[in-house]
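Structure record follows, encoded as structure tokens.
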Amino acid sequence: MNRLAVELPGLQLKNPIMPASGCFGFGKEYGNLYDLSMLGAIMIKATTLDKRFGNPTPRVAETASGMLNAIGLQNPGLQGVMENELPWLEQYDVPIIANVAGTETADYVEVAKTISMAPNVKALELNISCPNVKCGGITFGTNPQQAHDLTAAVKEVSEVPVYVKLSPNVTDIKEIAKAVEAGGADGITMINTLVGMRLDQKTGRPVIANITGGLSGPAVKPVAIKMVYEVSQVVQIPIIGMGGVSETADVIDFLSAGASAVAVGTANFVDPFICPKIIEELPSKLDELGVNQISELVGRSHRL
Amino acid sequence: MNRLAVELPGLQLKNPIMPASGCFGFGKEYGNLYDLSMLGAIMIKATTLDKRFGNPTPRVAETASGMLNAIGLQNPGLQGVMENELPWLEQYDVPIIANVAGTETADYVEVAKTISMAPNVKALELNISCPNVKCGGITFGTNPQQAHDLTAAVKEVSEVPVYVKLSPNVTDIKEIAKAVEAGGADGITMINTLVGMRLDQKTGRPVIANITGGLSGPAVKPVAIKMVYEVSQVVQIPIIGMGGVSETADVIDFLSAGASAVAVGTANFVDPFICPKIIEELPSKLDELGVNQISELVGRSHRL
Amino acid sequence: MIIQDRMRVTGQREIAKNIFEMKLTGKLVGEINSPGQFVHIRVSDSFEPLLRRPISIASIDHQANEMTIIYRAEGRGTQLLSMKKEGDEVDVLGPLGNGFPVGETSPGETAVLIGGGIGVPPLYELSKQLTAKGVTCIHVLGYQTADVSFYEEEFIRLGETYIATVDGTKGSAGFVTDVMEKIGDGFTTYYSCGPMPMLNAVQTAYTGKRGFLSFEQRMGCGIGACFACVCETTDKTDKEYIKVCSDGPVFPAGVVSI
Amino acid sequence: MIIQDRMRVTGQREIAKNIFEMKLTGKLVGEINSPGQFVHIRVSDSFEPLLRRPISIASIDHQANEMTIIYRAEGRGTQLLSMKKEGDEVDVLGPLGNGFPVGETSPGETAVLIGGGIGVPPLYELSKQLTAKGVTCIHVLGYQTADVSFYEEEFIRLGETYIATVDGTKGSAGFVTDVMEKIGDGFTTYYSCGPMPMLNAVQTAYTGKRGFLSFEQRMGCGIGACFACVCETTDKTDKEYIKVCSDGPVFPAGVVSI
């Protein structure tokens, strides 16, 4: 038996490690560096109905142990993803989680319906938490009723299980989590980025052209851990945790907090080989902890 | 004219630098290291009606570019502060901002009424945002109506201007800011800590005995800057900004974002001389920026 | 007086597995007034790791203006510290806290010094000062295993020294308390530093004797301002709590509720 | 192929005010295939600063398996880089991007290389390769002031070299464009790297000539995955945008909308 294997709705994961959406494009670039089949899954860049150029540059700024981004969901659009990106990924033995974004229910539904029919798309990740687009995105993620309704609408058309990606920029994330569970979500992914800003020292103006950006990286990990800890105790559906995962120890923390698998975002930029490195280190980490099967760690922070 | 002088309701500041509440006790320890009269002001540790022991230990944990704390408002109580702490501080030529905490309106009001009569207390800081106590504190800080009413009640009895300290753990901080302004607040201080957690690697259990703690330090600065930027554009009252200020450049950023003065918290632990160091460096920083009077920088991020 | 000093590293060597002995020079040394005081070290100029690390002063050489610290390279901070090389500068805040009271044992009397693991270092300077004034010191040092034990020779040079290792790879097998039974009670005072369970066992075994224990707590400021490092007192009448960093780290046995 | 290499520092010296020349050795050098490619450097093992820093390859020595980078120590990251000493290891990702096309100029033809400030370094390797194959290179190098100028001697050894400083403290006073006027148009191609306004001025001055410009953008991944470093194209029919890191940093003049 594979000690690292994890089973989640729609997903048979060789291991609980997957690159987070937006930090791995559609896999091509990292595919030049290592064999993508070793990954648990791949969360591809957000796909919208029409192709998008995204926000003006600069789009990224560094912060203490973190970074801000305001890419603005640049992507080749549903058609481009279906025709070029997903077929290319079929050469790898790895389940794809398609991150679905939109501005209103109708386009979420349309993207979800079509992209869930791609043979290698095994789950959807409903992006209701992108802080970098003017309409849609995060507005769905801060209102429980809207989050519920969008989830239900997408569930109705999706051929594969639906995970909903939550925003940390809310007073009570448990409420949103319960709402999407009630809406039929098969799982939750969390957290998306915290909204933040960096100013230019000389001019005092925002560095990011979009003014605000999403904060990610090690800096946000304590917030992510706390939210996973909380949400995992109020919902029955599994969680894919993320926010600052940068080394093997962080994976243990997210599982302990209550996540069943873990996504790695910003850390890919710091170390492009971080996913394979973590996957390689996990078995000896399990030995150290005296654990046989990795799932045994899930939620141990709040189990007796 | 003093280039660093800043005038705020109740406060004639020699310079815009003051230690943040809870990170400087009641001044005695840092008073052994340097002359407290050089500070713009001092925000003393939260005072509650009765003395409190606070939470069990461990109370702090380190995170990437940040720290978690769950001190739990340990303090000698109103009487102790009035009899021992404030009189001792009178030897210094420095205005005191008294951080007032409680569990219900009545005790906030009682503490505010009495402490605002101390001769060196020039302003109150209403702590409606402490994430580390079970009742009171943050519950007032996440509900606009409650925040409004508490502010109004305290304003009624206070002999000095009232600043309200906002929590970043909300969906829309602008709403809370507008509510406390409507309630009569003379100023806003922000941000208090973000709620976070750290787990022990071996056991998977929370490191902090209180389970969750408040995240502070450089890690949170982008979030704080963004919130100051936002709030300063929707209220007329001044803001004392804080969250990760660790060097002179950070002060410039907070002023640019829209704060009129700046508090330094966690950085005192990293470098106990950080406040005097920043105060010393500010004039040459102003020269570099071609600015004569420091207040000219306030809000330049969103001015044309 | 507490000062912030950029001290220069004059020596760094691994004296046992992951245990480093570091020598530092700077004017801070002149401020140290008792064994058992500690310093708060910033391990790098980066904000990650952010907080200072509290480390006991293990030995002082006023002539050379040099002090020695001994620490285990374990987490991010101490690992970074272990990478410093001779000539590098380190930002040190100290001396902090109140150390072991040397005056509580008179010349001619006997003191037992009981240390566990990384609690052993401050006992070295203590023993130097006690023996220098004519106190007979008996050392009981406990380690997990032989390969993390250190300073045996140094302590032997100062007096009778017993080593205990949990796995029996050095000295007697077992805990310091097992050794303590053999020593009997022909001593005036005891001084101890080590993990909480050990301090507790020592205090319980030596009820009735005058003893001084050095405590550890997670710290923020290290100087008494943040209330991170409090412990409850047993006797709540005077003070309900003490701060390890500024009231301690050393307290008379019985004061702190363990 | 792009590799991640822990390269060893074989030299580090300040060649002008806050401008450092660093030599690095490692197997990555063997992968470099064109001048103008860059590397993505992790300046410390800490998470603060977090992101890698993109720096151009200034010179390659395949014999010694060594490459040279030249950078300005300005922010946190490059300052940390400047503190590395000979023998230290640095985590380098590269080679990245597509460099200057040496093949676009034939032996016997003349190329003008125009660099501004910290954009000068990649032109050095380019000039070495062009002159080696028999191209005549004319160098036009612009700096703010004399004290931040560098590599004058090195470029002179390769061909005609003009220096311009904004304040006139070295060479002619003014911008590279002022010098360009004097050179005339007796050349086949031009290659340029420097700040955006300079690239714009060069491109405008040399409309009609075949030119290649190297661009800068804030980067995340550095390999084409994160869409941080995009620029719009002038001709939207093929591609609406290009990525500086993986499609560039060098593009034919006219492709990128400046």
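Chains here go by letter, A, B, C and D, matching the order in which they are written, and residues are numbered from 1 within each.
Please note the rule applied: a residue touches a chain if its C-beta (ideal position, glycine included) is under 8 Å from a C-beta of that chain, and two chains touch if they have at least 3 such contacts.
Being a predicted model, the structure only gives us computed values, none of them experimental.
Participant: Compare the CA centroid of subunit B with every other chain's and tell me the farthest one.
Facilitator: Farthest from subunit B by mean C-alpha position: D.
Participant: Please report how many Å separate the Cα centroid of subunit B from that of subunit D, as a whole number.
Facilitator: Those two chain centres are 46 Å apart.
Participant: Using mean CA coordinates as chain centres, what's the gap between subunit A and subunit D in Å?
Facilitator: Taking the mean C-alpha position of each chain, the two centres sit 36 Å apart.
Participant: I need the residues of subunit D touching at least two other chains; which ones are they?
Facilitator: In subunit D, the residues touching two or more other chains are 47-49.
Participant: Two or more other chains in contact with one residue: find those residues in subunit A.
Facilitator: 63-66, 217-218
Participant: What pattern do the touching chains form: line, ring, star, complete or other?
Facilitator: complete
Participant: Which positions of subunit B touch subunit C when the two form their complex?
Facilitator: Contacts found on subunit B: 22-25, 28-30, 32-33, 45, 53-54, 57-67, 69, 71, 74, 217-218, 246, 266, 268-273.
Participant: Quick check on the complex: what are the subunit D residues that touch subunit A?
Facilitator: Listed in rising order, the residues of subunit D that touch subunit A are 1-2, 4, 42, 47-52, 77, 91, 93, 217-232, 240-241, 246.
Participant: Which residues, counting only subunit B, touch subunit D once they are in their complex?
Facilitator: Counting only subunit B, the residues touching subunit D are 64-65, 218.
Participant: Could you please specify the touching residues of subunit C with respect to subunit D in the complex?
Facilitator: So the residues of subunit C touching subunit D come out as 44, 46-49.
Participant: Can you name the residues of subunit A that touch subunit B in the complex?
Facilitator: Those in contact with subunit B are residues 63-66, 68, 142, 169-171, 194-199, 201-206, 212-213, 215, 217-223, 225-226, 229, 244, 249, 252-253, 256-257, 289, 297, 300-301.
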